[in-house]
């Protein structure tokens, strides 16, 4: 199966070797999970689509990836600064680097039209080099129904 | 495949064109994601089941959909009042309207028996017109194992 | 299909009757959802893998299950103490008891190597009797691509 061609995956009409992730949250650690899974899946020959909606759209704004807060910092006492230090020490790439790799490997980034309106976010506020498509719920479902791995973060 | 008949989808014994969503959180934006995906999938001819558990059960109480807070309001400075104003402007239906559409299109709403006990919520506290079934983990797994799109919000 | 043997499930090269859950959060109620689904699925003859990453790794530390906070306590006024009382009354097992059952039924617990480094958590800090494997994103994807039910909590 040629995973680089979504038409072929779609033609089968059943779940293929594909990952679709809804990015609903705006949190550094959750964006890491999405981008590590996404680049990993692409490297293993799978097809991958991300669908950004609600708070997740913040990540696609200029500096959105760099400025994302942790999802649970107060609760557990491990701050963002400390986690970034540990990441540099472990040679983990930044979110911006992972996004560049993800796109270069053929990953798609769909921004949700309807929630952009609700969140008051305009197209020109999003990093155009990060967004590959705009879509709505039908776009999402056409990706998801042909994916084996569906996640929402 | 006749998606309106879950028996047929189940008979195949493998994932069908079906969406199952666990609603674990009680947050306006997450309930929107679930209901927009749910009504969209039904409109596209898919079968859909929601399984409400833990905080999600709050949404099924009287006024539960109307009163749901945002999942991230403090963090990002966009309040619920502002988001609702943007929604009216964009002609996005209310959660109550979406739930009515969802049920009319054949969507199922399963309330988790066991977590109702844990949360101290009685059947008479739930909107009877919103709940189509009560169930436990086995009920959930029988929906999920026959679904292509499984999510927990 | 022999679900106790992951090699057989993998051999088919398509989604089997399997559940894979990423445990990203550290919250009592979310750990309950994961462990109830996990033990339920094993009891129904399905194969199950948990992949612990980021805050979820806290749950695998000594007393990590017992000390997990609620995900939404302030918001809704139902405290952990009250919820635990209701659980005892409803004869719901503790998280530690559920984890023991899960492992005895053949459930696997994979701890994410890379995020352990980032979180500053060493192997000796994890309950060795709870961890069945260590892995990275490739390990996760090999579980997930052969699962029907994929969730991240």
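By letter and in written order, the chains are A, B and C; residue numbering begins at 1 in each of them.
Note that contacts are C-beta pairs under 8 Å (C-beta built on N, C-alpha and C of every residue); 3 or more make two chains touch, one makes a residue touch a chain.
None of the values given here were measured: they were computed from a predicted structure.
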item: C-alpha-based rotation, chain A on chain B, 0 to 180 degrees, nearest 5; value: 120
item: Homomeric contact chain B-chain C: same or different residue positions, threshold half; value: different
item: Cα-centroid distance, chain B relative to chain C, in whole angstrom; value: 23
item: Contacts with 2+ other chains: residues of chain C; value: 15, 150-152
item: Footprint of chain A on chain C - complex, ascending; value: 14-15, 22, 24-26, 53-55, 58, 69, 114, 117-120, 137-138, 140-141, 144-147, 150-152
item: Contact footprint of chain B on chain C as seen in their complex; value: 15, 17, 19, 29-30, 32-33, 36-37, 40-41, 44, 46, 71-72, 75-76, 78, 83, 86-87, 89-90, 92, 148-153
